[in-house]
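Below, subunit A partners subunit B and then partners subunit C, in two separate complexes.
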Partner chain A sequence: MDPGLLAQYLFNGLMLGTIYAIVAVGFSLFFGVLDVIKFSHGDVVAVGAFSAFGAAGLTAALVALPGPLALAVGLVAALGAGAVSGVVIGRVLVLPLKNAPAVNVLLATLMAGTVLREAIRLAVPNGGNPKPFPALLPDGVLAAGSFSVGIDSVIILVGGLAVVLATHLVITRTRLGLAIRAVAQDDEVAQLAGVNFTKTVLGTFALGSMLAGLAGLMLGLYYREINFNMGILLGIIGFACAVVGGLGSLIGPILGGFLFAGIQTLATVVLPFTSAYKDVVAFAVIIALIGLFPTGLIAEKSSERV
Partner chain B sequence: MSAPDGSPKGARRLSVIGVTTGYDRADVLHDVSIEAKPGRITCILGANGAGKSTLIRAILGLTPVRQGEVAFGGETITNLATHRIAALGIATVPEGNRVFPRMTVLENLKVGGLLERDRTRLAARMEAMFESFPRLKERRNQLAGTLSGGERSMLSIARGLMTDPELVVFDEPSLGLSPLFVAEVFRIVRRLKDEGYTILLVEQNVRQTLDVADDGYVLAQGRVVAAGTSRSLAEDRELHKAYFGVH
Partner chain C sequence: METAQLTGTRPAEVVRTQGLHRLLVAAIVALLFAGGGFLLHSEAQGEVIALLAAFVAIFVFAERLSAGRRAIALCRAHPGTVNLAAAVSVLAIAAVLREEHYTLLMMATVALFATAAAGLTLQMAFAGVPNFAGAGFFAIGAYVPAVLGGTGIPHLVVLLIAGCAAALLGLAILLPVLRTRGHYAALVTIAFGLLLRSFLEVNDVLGGPQGMKVPAFSLFGLSFARITEIGPYDVSFYLPYALAGCALFALAFFVVRRLETSFVGLAFDAVRSDEVAASVFGLSIARWKATAFLIGNAMIGVAGALYGMMNGFVNPNSANFGDSLIMLSILVLGGFGNLWGAVVASVVILVIPEKLQAIQEYRLVIFALLVIAILRFRPSGLMPRATRDLSALAMGGQR
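What follows is the complex of A and B.
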């Protein structure tokens, strides 16, 4: 195959992998601190995308902002809306069910996700249809031989990788990160040492959900189109990446994200006629991997669980 | 191990006044009253299931108190959130010497230091811990889960002291330790008292505990069945026959 085209595929795979990893890390963080699966997480991605879409649209209607400022508005909206939905769901749904069976949390957040999804569909004018996402990033193409890539894609990829790295630093180097890891490893001892359990859990939900909101913005910028139900598939992919990588760890879901995107890309490259089935292939491989490594590729014992 | 800032420790008294509590519908403690006087070692003895752990959990806000009051320095702390009780100056060395296994020794101590925002004081305290427990300094970058039982118990104590407490609660520190380390833990308890900390020591190990403690209570079936100085408890033959088996 043409090396330029191959590079193109590789680039797209990396980009998707980054987005998946960002979503998967949230699942893993929530599971780490509270041993819960928060199934509304995928729909928070859509909330982030639509908040950025709405904020950018509204400000553009009012004032003509220069590019970087318009992007900043979208970024703040996506992160803010993500954090708020995460904290509200954590406070109102997840924490009160702390001592209930895990299935209850799963069900409650699954329904909360549906509420978010339907709220977007009904609140946004003509919300059932895909929306064109504004081009908030600079135009232009970088080309080398047959390999060409948009500057916007490069920015998204670099930004996404930076966010993954930043998340790792927050977890390993900050006071919040230390508290999160303490609660994840032994919440009672953490409280005895003075860690505020509720605040730490809600901080985790804010952090993970900000990442989801950001993933929504990245998807909008990349595909230039968003949809009220974009969170369903993304939520399942993110969850699958977290499980296959090792739920509760930090590196695991990141690896899982790149693995999933890698399989999708490989399916497209190797079997071009089946590219429409790339998700089917990827999920089949993930199912097989889960069967082979039931506790995730990064086994909890040896890895640094958050 | 003395406070780096030289402040006097253990000025406040812990009082448990008529506390009744339990799990679900069953009461495990009935009208229990105890006191831990400043600068002294108070022990709580009792067999398995006597309610010792439940009493500790009630004091620390981990099990809700149904009736009665817990007070520290005259301030009521009944059913306060656990982290706020810790912030008032009550550190706990939990049963089983629990540490954060997937954190390094250093990080474990840092969790104990999360309440302190002053970096210089935090660094001084960390230095003091490493001075008191040189083993921890040697192993500071090792994961706590890989430590030996004795080292874990040191780490658990040091993590508690990192919160700069007045009162240190030891929940069955000898559990699961070799006799050599049990002796070491009791030595540390005595040293802490000498440094001015108030100690509440919950134990099953009667002889060594009464040896080190100043005051004591005996719990049986969720009630206080004996109280006094540890000397008087040690000399009470009837008590030994009834609750500890004859020695």
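What follows is the complex of A and C.
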């Protein structure tokens, strides 16, 4: 196969993998501190994307901002909206249902996701249709032989990888990260040691949901189009990545994200007759992997989960 | 209190009170069904709202007042009378509304979704096996008559094959479902549902995104699509479907209730509530979970097949995740494990948005908020499942 085309596939796979990993890390964080799955996570991605879309559109209508400033406005909107929706759902829904059966929490958060999704559809004018996302990043193309890639895509990829690294640093190097890890290990002992449980949990929800909002912005910038129901599939993929990689760990979901993107890309390359089967293959592999490794590829230490 | 009075009276009077109680139960059921039929048929917004208000009032009355609670207890004590009265009421409603296409279509839809909910009840409420791909198995059922409908195989057999097909395809994810629990098992079924849908969409053999035509159901050579009159009466061609749907639900109801009251139901409950304890008592976790999963999927498949034949077509969109969530909402809203609750919830979720045009646009938000509120404040649903009462057995085996 043409090396340029192969490089193109590789780049796309990396980009998808980064976005999946960012979403999957959120699932893993929530599961770590509270042992729950917050399934509205995918729709928080859509909320982030639409907030950035709305904020960029509004400011552009009022004042003509230079590129980087418009991007900053979109970024702040995506992060803020993500954090707010994450904290509200965590406070109102997930914390009170802490001791309910797992399936109830799953269903409740799925429905919260539905509320977010429908809210976007109803609140945005003509919200049922896909929206063109403004190009907030500089144009230009980097080319090497038959391989060419937009500068914006490179910025998105580098930014995404930096965010993954930054999350890792937050978890391992800061006080909040220490509290998160303590609560994840044993919430009662952590509280005895003076960790504020509710604050830590809500902090985790804010952190994870900010990541989701950012993923929404990245998707919008990359595909130049956003849709009110973009979160369903992404949420399920992110959850699948987190489960396959190992819920509760940080490296696991990142690994899972790149694995899932790799399978999808591979399916596109190997099954050239129709790339439409890529989701079928990816989900079949996920089901098989869960059947084979019920605790995830990187199992949580001392776990009795499955 | 009731029993203390009864033991003090003479046999003849006991018989008379019993008969009176039965009559009362039958009257309550008939009244509720009459209200339901009226709701199905009514078009005027004011009427619909008034009926809904009346139902809410009845519900609050039955919950809060002692007379209401006694009425519920009375109905629980005479399940046979309730079922008989329900069957007669359904036949009466069908007879009265025999020419109304739309009302009968709604009735059949409610019956078939309630049948699917019965299958899910078996899986989730009894054995504790999550199934977030209900719409997927429903659609598998509908694709079977689309493929086999024209081949001359009797359609009753096609329905059976549809059930078997759904169960068999469920077999593909049985192993991962059994090896996992909670979220993980749920993810397996969600992934299966998405896989199925994208497969149906890209696969040209099964019609691709357009889907396939499904022939009308025919019973012993009599096609339901051609029924326009029975004897001297003109009837809608949806009438046979409504009756067949209700018959199917009755069958599912019978099977589920029988399983629930037998040792199988006890085993399901034990496996769901504590796997370790159940296995200590010699119950095979995998066996009972697999049993529930396969029988449940078969039920959903049969209901889906009849639904497909009624609609005349099936497409990949019928396997979408949102519809699976709607089926689960029916289960949660009605009350996990209570089949009458599932019927009521099916009416609420499928019929009310059709009736109240004002909420059409907002129905998904409203249901989502409703389900969240129920899970948050009343996790056992509108009509909670009755607690298993074995005290009668302990006191000498008399009911």
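The criterion applied here is as follows: the second predicted complex is superposed on the first by the 301 of 306 C-alpha atoms of A that agree within 3 Å, B and C clash if a C-alpha of one lies under 4 Å from a C-alpha of the other, contacts with A are read in each partner's own complex, and residues count from 1 in each chain.
Following the convention adopted for this analysis, a residue touches a chain if its C-beta (ideal position, glycine included) is under 8 Å from a C-beta of that chain, and two chains touch if they have at least 3 such contacts.
Note that this is a predicted model, so its numbers are computed, not measured.
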| item | value |
| --- | --- |
| Subunit C versus subunit B, contacts on subunit A by residue | C |
| Touched partner set for A:L122, first subunit B, second subunit C, both or neither | second |
| First, second, both or neither for A:A190, with subunit B first and subunit C second | first |
| Partner chain(s) touched by A:I287 [first = subunit B, second = subunit C, both, neither] | second |
| Contacts of A:A179 with subunit B and subunit C, given as first, second, both or neither | first |
| On subunit A, positions contacted by subunit B and by subunit C | none |
| Residues of subunit B that touch subunit A when the two form their complex | 60, 62, 81-83, 86-87, 91-92, 94, 98-103, 107, 110-112, 114-115, 159-160, 162-163 |
| Touch list for subunit A against partner subunit C, complex | 37, 93, 96-97, 100, 102-104, 106-108, 110-112, 114-115, 118-119, 122, 232-233, 236, 239-240, 243, 247, 274, 276-277, 279-280, 283-284, 286-288, 290-291, 294, 306 |
| Footprint of subunit A on subunit C - complex, ascending | 124, 130, 173, 175-176, 179-184, 186-188, 190-192, 194-195, 198-199, 201-202, 321-322, 325, 328-329, 332, 361-362, 364-365, 367-369, 371-372, 375-376, 379 |
| Touching residues on subunit A, where the partner in the complex is subunit B | 175, 178-179, 181-182, 185-186, 188-198, 304-305 |
